[in-house]
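My questions will all concern the structure given below.
A, B and C label the chains in the order they appear, each numbered from 1.
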Amino acid sequence: MNDTDQQAGQPVSPADAATPNPSSPAPQADASPVCKSDLLEPGEPIIKFEKVVKRFGDVTVLDELDFEVRKGEKVTIIGPSGSGKSTVLRILMTLETINEGVIWVAGRPLWHEERNGSLAPASEEHLRDMRKEMGMVFQQFNLFPHMTVRRNITEAPVQVLGLSKEKAAERADKYLDLVGLTDHADKFPSQLSGGQQQRVAIARALAMQPNIMLFDEPTSALDPELVGEVLNVIQRLAGEHDLTMLLVTHEMQFAKQISDRVCFFDKGKIVEEGPPEQVMIEPREERTREFLKAFINPA
Amino acid sequence: MEWLSYSTPLLQGAWVTVQLTIYSTILGAVAAFAFGIGKVSGNWLVKGVSICFIEIFRGTSLLVQLFWLYFALPVLGQQLGIDLRLPPVVAGTLALGLNIGAYGAEVVRGAIQAVPPAQYEAAKALDFTPRQTLWRIALPQAIPEMMPSFGNLAIQNLKDTALVSLISLGDMAFRAEQIRNFTQDSVGVYTLLLFMYFGMALVLTGIMKLLERSIGRWRAGRA
Amino acid sequence: MLFGIEWDTANNWVFAVSILPILLKGLVITIQATVVGFFVAAVLGLILAALKASRLRIISWPARFVTEFLRDTPLLVQVFFLYYVLPEYGIVLPAFLTGALALGVQYSAYMSEVYRAGIESVPLGQTEAARALDLSPLRQFSVIIIPQAIPRIIPAMGNYLVSIMKDVPVLSVVSILEMLNVAKIIGDRTFNYLIPLSMVGGLYLVLTLVASAIVRLVDRRLPKQGIPLR
C-alpha cells in the first residue's frame, strides 16, 4: 500500500461525468479526517458522495458527507449505531432520498438527472436505470417467503432484466453453486436456517450482476454459529470477483481480512479512514480508539 | 309436515340460491380486489373512487341497495330517457356482489398494508416496478392473510341471498314463503329452511377452509 | 299521505322536502329497533357466553351449536320464523317486538363471541394474581377481569351496533314502519321510488358515520387498561 501525498481531488463536473474511467490505483492513506481517496490517474471513482446531507426530521444523519469508492475496492464501514453507516448504503440503493448534495455512481448522478446541461431531481425511470448498478443484502435477508429459493433468485432477472426462463435458471444454478446451496433450490425460505437464507439473499442480489454490492450488517441477525458460513461466501466474493463491495458490519476481524479500506463513521461524518491495519490496529483519532475499545482482542 | 312434498320446490329454490351465491361471490371478489388495491394506490382519482365506493356500500343497508337497484334505478332511467330496468337476478347479483365487495375491499387493503415494508425494500433493491411488486411480491403474501376474513364474508353473502326473495326472485326463501302461504305450515317449512341454510353454510365453510389451506402452503414448515 | 303528513309531487326537489319529515319518523323507529335489538343481543349474548364457558359439556355443547346455527342462518328467515311460529305456541307479540327480538337473537350469537374474546384477552397473569391474593371467584371476575375486558369489548360491540342498524330494514317484512319500509310505501303510491330510496340511502350514510364516530369517541375515552376503580 503506497503512501503518496496527493492533493484533494477536484469535484467532478457534469461534462466529465459522461465518460466514466475505471482506474485501479493503490488505495491511499490520508492524514486529514475527511475521506479523500485519491487516484493516481484522472478518472472517476465508481461511487462519489459530494457534500451529501441527509436528515430524518430534526436529526441530521449525514452531515455534508464526502465519500468515494474506487471500482473493485472493498470498503468496510464501521461505527456506532446512528452514525449513518446503514443510511449510506440505503441511499445508494435508492431506498432513501438525500436532502442536499450530489451522488455519482459509475459516472452518472444517482438522485439527479442531467437535463439541459444542469442537474434536476431524478425521475423514476432514471432511478430504475441506476438501481441496476447496485445489489443489496439486508440484515433481515428479506427473501420472498412465498417463492422457492430458485424462484427468489430468478424472479428479478426474468421480470426486470428480461432474461429467458432458461437463462435465468442457468444463472441461478451458477450463483447457488457459488454460495453452496445447490441442493436447496426447491425449498422455501421457511425451511432454511438463517445462514442459508442469507446466502440465498446474496445469490439473489448477485444474479442481477450488479457492479456494486452493498452488505448492510449481513450477519447481525444470525445466531453466532451461522455467521461463519455467510462470511465465507462474502470472502469468496471478495477474492474471486472484481466487484466493488461496500460492507457495514461489526465483525471486525472479518473486516480486517477482506477490506482494502476501512471507514470509521461517527455522527454523519467520516472520522477516519484508511487501510485496515492503520484504522483498526493503530487508529489516529481518539474517537476511533474509543469505539474500537469495545471490540478488544481483534487479534 | 310433509317434508317430501316440500323438497322439490325447496330444492329448486336451493339451486337458485347456490347460483346467486356463486355469481355474487365472484363479483364481490373482483370488486374487493379492484377497490382494495385502488384504495392503496398513489393515484388520487383511483383512491378517491375506491374510498367512495367502499363508504357507500358499507355505510348503507344491503336491502336499501337492493331496493334502490331494483325500484329506483328504473325511475332514474325514465328521467334520463334510457331503460335501466334490471331483472331481479341482475339486481340481486349486483347488490349482493357490490355490498360484499366493499367489505372485502377493506380486508384486501388491510392485508396488503400488513405485508412487511422490508419486502417492498427487497423488491425495490431488485429493481421491480411498483406494479410488479404489487402482483408478484405483495399480493401473494397478502392473500393467505385475507382468507379467514373471506371465509366469514362468504357465509355472510350466503345469508344475504335470502333478501332477494323480497324482489320476487325464486330462491330458497321465496319458495319457502310460497309453500307456507299454500300450506299454512309455518313451523315445518321454516325449520326445514333454517336447516337447509345451515347445511349450505357448513359446506361453504368447508370449501373456504380447504382454499385457505391450499393457498397458504408455503407458510408451512419451519427450519 | 303517511303518518298524517301529505307529500307534494310537483317536482323532485319539492317532493324530497315534503317526504323528509315522513322519512324521519321512520328513522325514529329504525333507531328504536336498533336500540332494543342491541340490548336484547347484549343480554342474550352474555347468557350464551356464560353457557358456552360452562365446564359441563351438556350445557356448553348445545350452547355452541345454537351459536353456530344462529350465525349461519339468515336474519330474514329467523324473522319469519319468530313471526309465524311464536303465535302457534301462544306467544303473541306486537310486530315491532318480534322484529327486535329476532334482531337481538341473531346478534346474540356474535355478541357471545365478543364477550368470550374480550375475556380471553385479559392476560392469564391477572387471574393468577387475583387467585394468589385469595380473592373469591366472584370478585375475581367482577372486579379484576370484567373491568379490564370492557375496553376490548366496546369497539367490537360498537361495530355490531352499526351492523344491527343496517339490518333493521329486514324487519320491514313484518310491516314495521322503519325508514326503508316508509320509503317503499311512498314509492309504491307515487311510482317515484328514486327520491325516497335515495334519501334513505343518504340518511343511512349519515347515521352510519355518526354512529361510527360515537363508537370511536367512546373507545378513545375509555382507558385501555380497564375501567378505573378507585
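Just so we're on the same page, a residue touches a chain if its C-beta (ideal position, glycine included) is under 8 Å from a C-beta of that chain, and two chains touch if they have at least 3 such contacts.
All values reported here derive from a predicted model rather than from experimental measurement.
Interchain contacts link the chains end to end along an open line, per the touch definition above.
Ranked by how close its mean Cα position lies to the mean of all protein Cα atoms, the top chain is B.
With centres taken as mean Cα positions, chain B sits 49 Å from chain A. In terms of their C-alpha centroids, the spacing between chain B and chain C amounts to 22 Å. One finds 59 Å separating the Cα centroids of chain A and chain C. Touching two or more other chains at once is no residue of chain B. By the touch criterion given at the top, residues 93-95, 128, 131-132, 134-136, 138, 140, 142-147, 155-156, 159-160, 188, 190-194, 196, 204-205, 208 of chain A touch chain B in their complex. Residues 55-56, 58-65, 67-68, 71-76, 79, 155, 159-163, 165-166, 173, 176-177, 180, 186-187, 190-191, 193-194, 197-198, 201-202, 205 of chain B touch chain C in their complex. Residues 118-119, 121-122, 124-129, 132, 136-137, 140-141, 218-223 of chain B are the ones that touch chain A when the two sit in their complex. Across the complex, chain C meets chain B through its residues 69, 71-78, 80-81, 84-85, 88, 165-170, 172-173, 180, 183-184, 187, 191-194, 197-198, 200-201, 204-205, 208-209.
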